[in-house]
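Note that chain A is present in both complexes that follow, paired respectively with chain B and with chain C.
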Partner chain A sequence: MAQVDFKNVSKRFADVNAVVHDFSLCVPDGELLVLLGPSGCGKSTTLRLLAGLEQPTDGEILLDGQVVNDWSPQRRNVAMVFQNYALYPHMSVRQNLAFPLRMRRQPRVEIAAKVDETARLLELGALLERKPAQLSGGQRQRVAMGRALVRDPAVFLMDEPLSNLDAKLRVQLRGEIARLQQRLGTTTLYVTHDQTEAMTLGHRVAVMQAGVLQQLGSPQELYDRPSNLFVAGFLGSPPMNLFEAKVQRDAQGAFVSFGTARVPLPTALGADAPAYLGLRPEALRHDDPEGVLPDVTLTVLSVEPLGYEQIVYLTAPLAPVASAPETEAEVKNSVAARLPADYPLSAGESITLGIDVDKVRYFDRNGEALG
Partner chain B sequence: MLKRISLIVLLTLTALCYLAPVALMIIGSLKPDARVLAEAGSWLAFVPEGATLDNYRDVFARVPFERYLLSSLWINAAIVLLGLLVNSFAGYALARLRWPGRKAVLAVVIALLVIPFEAIAVPLFYQLSALGWRDDHAVQIIPFVANPLAIYLFYSFFLALPRELEEAARIDGAGVLRTFFTVIVPNSKPVFATVAIVTLLFYWGIYLWPLLMTTGDHARPLPLAIAMFHTLPPLQWGDIFAFGAMMVVPVLVLFVVLQRWFVRGVATAGIRE
Partner chain C sequence: MAWGSSDSRAAGVLIAPALAGLILFIALPFVLAVGMSFTNLRLGSPLPLEFTGLRQYARVFADVSVQRAFLNNAVFALVVVPVQTALALLLALALNRRVRGMVVLRALFFLPVIFPMSLVAVVWILILAPGPEGMMNSLLSLLSFGHWQPRDFLHDAMWALPAIMLTSIWQGVGFQMVVLLAGLQAIPAQLYEAAAVDGAARWRQFRHVTLPQLRNPLIFVVVVTTILSFRVFDQVRIMTRGGPNDATTTAIFETVRSAFDRAQLAKAAAIAVVFFVVVLLLTLMQKRLLRQQPAPGISGTTERPSDATC
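Here is the complex of A and B:
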């Protein structure tokens, strides 16, 4: 059990730009924190810094308040699950599980007992005498988990532990990891580029981009109040619709025109002039019986039925943010709306939707959230 | 089909070309001296009629063969075993550890690959003679333990091993040495077998160096001994064949034992993902 602190940690390889830049983060004892970000943003490097596999160029890493920069990986007592599992190919499952205990010179009897207990916990009992090559992907993943938790580490590190598995297994193991972590209460840093994994697993989620921590918060906070354009455009499926916003003024105050709709700016913004406006797909509502929401009429470009709901792509009344993350080419320059499935629509149709003004987010010139 | 048959014929002929001298040597070693020369040049040379072990007895009677054999075994065992240790360490350090000068040392090792031993034999001889060091087993071992080809083979093999294996071991609590012996070595059998065989094949037949360094029977290995035996009158081809046959056996045994790993090592060198 331990608390983890990163204090202004930077990592540079040779002369390249910083892979991790001025990274500060506190993970309290017992938390499951997810590091989320696109591929190559420095998530693995951050984990490896904590494991002692890399040395920070700047800053301090602390375990339970002690600076561990100079500690060897052995001494840090962290356990890691690698993306490709890194099981020892020449050892049986039993020997793989026993390895961390043997290295710590524990008595034979205790090792045997711990291995059996871990095997029972992860339902590996029938596989103990097999070699890794004789296991399926999911079984290897379990063994890798077992090898990490067999020795009660201070911190668990997991680097995309599910990314090599098929979708169904991924969902199943995701649940198991969450339950296991809850039960053991071990501080855990979990790296993934999969936002669903991050949202479902993380007590808190830290979003990274280009080596910089973008936002840290609960999954709900990140979804509701993204702190900048990157987070807004990264989370959600489809992500937040982002547009350039031109602020206008009339007798009733400042507003932004979204097609025919007049979207009043919240007074909380004060004098700050928003440059961008963001709209989650569910902020466009077709159920506005009282007609209190500003209406906008848009043309349907395409429809993605999902069974329980449908994602409808509509003509965008405003210019999209140039740097918006990649979406399918077909639906670029469009606005996505999440509508109930019992509302048959086809391309070319016009539809009138209400804008839930409370759910509209605003960002300044630099892409930072306002209000 | 025709292509297949002609390929088989071609390969068989090639194999025969390689095997014929060995067969000639072994069959000749079993014949009385007089018949060896008389039948050379005819097909009778391959007919082991009236086989006898007299020639083998002669070898032991005329020279201390067992002493040469022991010298060779000792020298080669030491070169191979010490070499595996030292060169695998060096290869590992070059492939995985971070230390200043690593790139320069690697460049030197690669440069040394192209220098034949013959080119440095004489300067080395003068150097060691100046030290007064010669005519023992150690002087035939020490200069050959560190070997750039072996280092390079280990280096490239280790480079291709998944790095996560070692990192997992480090995190699981193993130090550098334990990681090496408990995780790297067991997963590197092909390269160890390859280096062992290649080293043995080279040094089992080394001639120039013992010729320079040894003066008597005390530390004389087989390749030099057979050359001397050849010039020892009376010239008896049956005896020389018997000597040669006995010299081949140890290498053959080791090759058969290691070939499972060796063949795989050669086949997978450089094409591992």
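Here is the complex of A and C:
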């Protein structure tokens, strides 16, 4: 059990720009914190810094209030699950599980008891005498988990532990990890690039980009109130629609025109003039018969039926943000709407949608969220 | 694949030259040697050729020089194999670093391997030259602060075999180093990271990750070196001619001496057959040792679920 603190931690490799830049974060005891970001954003390096496999160039890393910068990985009592498991190929499952305990010179009887207990917890009992090469991907993943939790570590580190598994197994093991962590209450840092994993597992999620922490918050906070354009465009599938906003004024106050719709700026923005406007696909509503919401008529470009709902891509009435990340070709110059599947739409049709003005997000010139 | 398909006919044509060479130059001479070993064949002998059964083998096993030869081979192997392997492992560990100029160092240690043994032997005769002026003698004198009495290593019954061992180790260690270095570099770095996080310090990482992962290259190196130690000939022929007083004679040297110095072809054939059996046993041992465990690799990369049916 432990609290983890990063204080202004930076990591630079030789001549390259900082891989992790001025990273500060506090993970309270027992929390499952997810580090989320695209590949190369520095999230794995952050994890390795905590494990002691890398040394920070600047800043301090604390475990339970103690600076551990100079501590070897052996001394830190953190356990790590690697992306490709890193099981010892020449050892049986039993020996793999016992290894961390043997390295800590625990008595044989105790080791045997703990290995059996862990095997029971992870349902590895039947596999104890097998070698890693004789296991399936999911089984190896479980052994890697077992090797990490067999010794009651202070902190659990998981580096994309599910990314080598197929989709179905991933969902199943995701649930198991969540249950295990809840049951053991061990502080856990979980690295992933998969936003579904982050949203479902994380008590809190830290979004990273280019070595910089972008936003830290509960999954719902991140989704509802992204702190900048990157987070807005990274989370959600499809992500938030982002457009350049031109603020206009009339007798009723400041507003942005979205096609024919007049979207009034919330008074909370004060004097700040937004430069960008963001709309989650579900902020475009078709269930507004009374016409309470400002509405806009758009042409359907394409439809992605998903069974219980459909993602409809419509002509964009505003210029999309050029640098919006994760923009698929199809989404370019369009606005995505999440609509119920109960009425059929096809390309070329026109449709009138209401805009849920409360769900519109605004960002300033630098891409930071307003309001 | 059935014979007669065009593929196998093409394959037959393509391997024919190699197969012919193998039969003509390896299989046939060996069969002849086995046959010869049951006769009394001598070059230029006026006696008629007779089938003598196992008499040559009886002679071989009773021959003090041949006994000494196999004993020397065994001593040579017992010293050279562990020493050379350990040295190669140390070198490989020392050179397995990403430092500038490491390639040059590796090349330097590998260099003796590409020299012909005859050349190496001649150079070492010079190094081991008798008298205080000899390089080895003066080095030992320097290291012992003048307490070393100069010796004629190659003509000293006690020092001749160690001198040849030293020459062989110097020449052969580079090859083993390269094999072990390749083995070391094939060990995934992540295993060391996992071991470090699991609490294993340097020495225990070496014991629990490096050594088990090097198992197959080590077995390969040990077996090849063992076979090579039984094959020792060049150094002996050039440096000591088996002397002094059979102190450095070896199985191959005895075979050559019987066949070409004494014209005892049948006896030479018998020694060769015994030698063949010894080397064959060593090779079989290698196969058995290697089969006990599949080639190790990182567990995540070989996608082979246990219930695969292929």
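We take it that the second predicted complex is superposed on the first by the 371 of 371 C-alpha atoms of A that agree within 3 Å, B and C clash if a C-alpha of one lies under 4 Å from a C-alpha of the other, contacts with A are read in each partner's own complex, and residues count from 1 in each chain.
FYI, a contact is a pair of C-beta atoms (placed from the backbone, for glycine too) under 8 Å apart; a residue touches a chain by one contact, two chains touch by 3 or more.
Remember, it's a predicted structure, so these values are computed and weren't measured experimentally.
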Side-by-side fit of chain B and chain C on chain A, or clash: clash
Touched partner set for A:Phe99, first chain B, second chain C, both or neither: both
Touched partner set for A:Asn164, first chain B, second chain C, both or neither: second
Which of chain B and chain C A:Leu53 touches, first, second, both or neither: both
Partner with the higher number of touched chain A residues, chain C or chain B: C
Contacts of A:Trp71 with chain B and chain C, given as first, second, both or neither: neither
Partner chain in contact with A:Ala86 - chain B first, chain C second, else both or neither: both
Overlap of chain C and chain B interfaces on chain A (superposed complexes): 51-53, 72-74, 78-80, 82, 84, 86-90, 99-100, 103-104, 147
Touching residues (chain side chain C, partner chain A) in the complex: 188, 190-191, 193-201, 204, 208-209, 212-213, 215, 293-294, 296-307
Touch list for chain B against partner chain A, complex: 162, 164-165, 167-175, 178, 182-183, 186-187
Touch list for chain A against partner chain B, complex: 48, 51-53, 72-74, 78-80, 82, 84, 86-90, 99-100, 103-104, 147, 151
Residues of chain A touching chain C in the complex: 51-53, 72-74, 78-80, 82-91, 99-100, 103-104, 130, 132-137, 139-140, 147, 157, 164
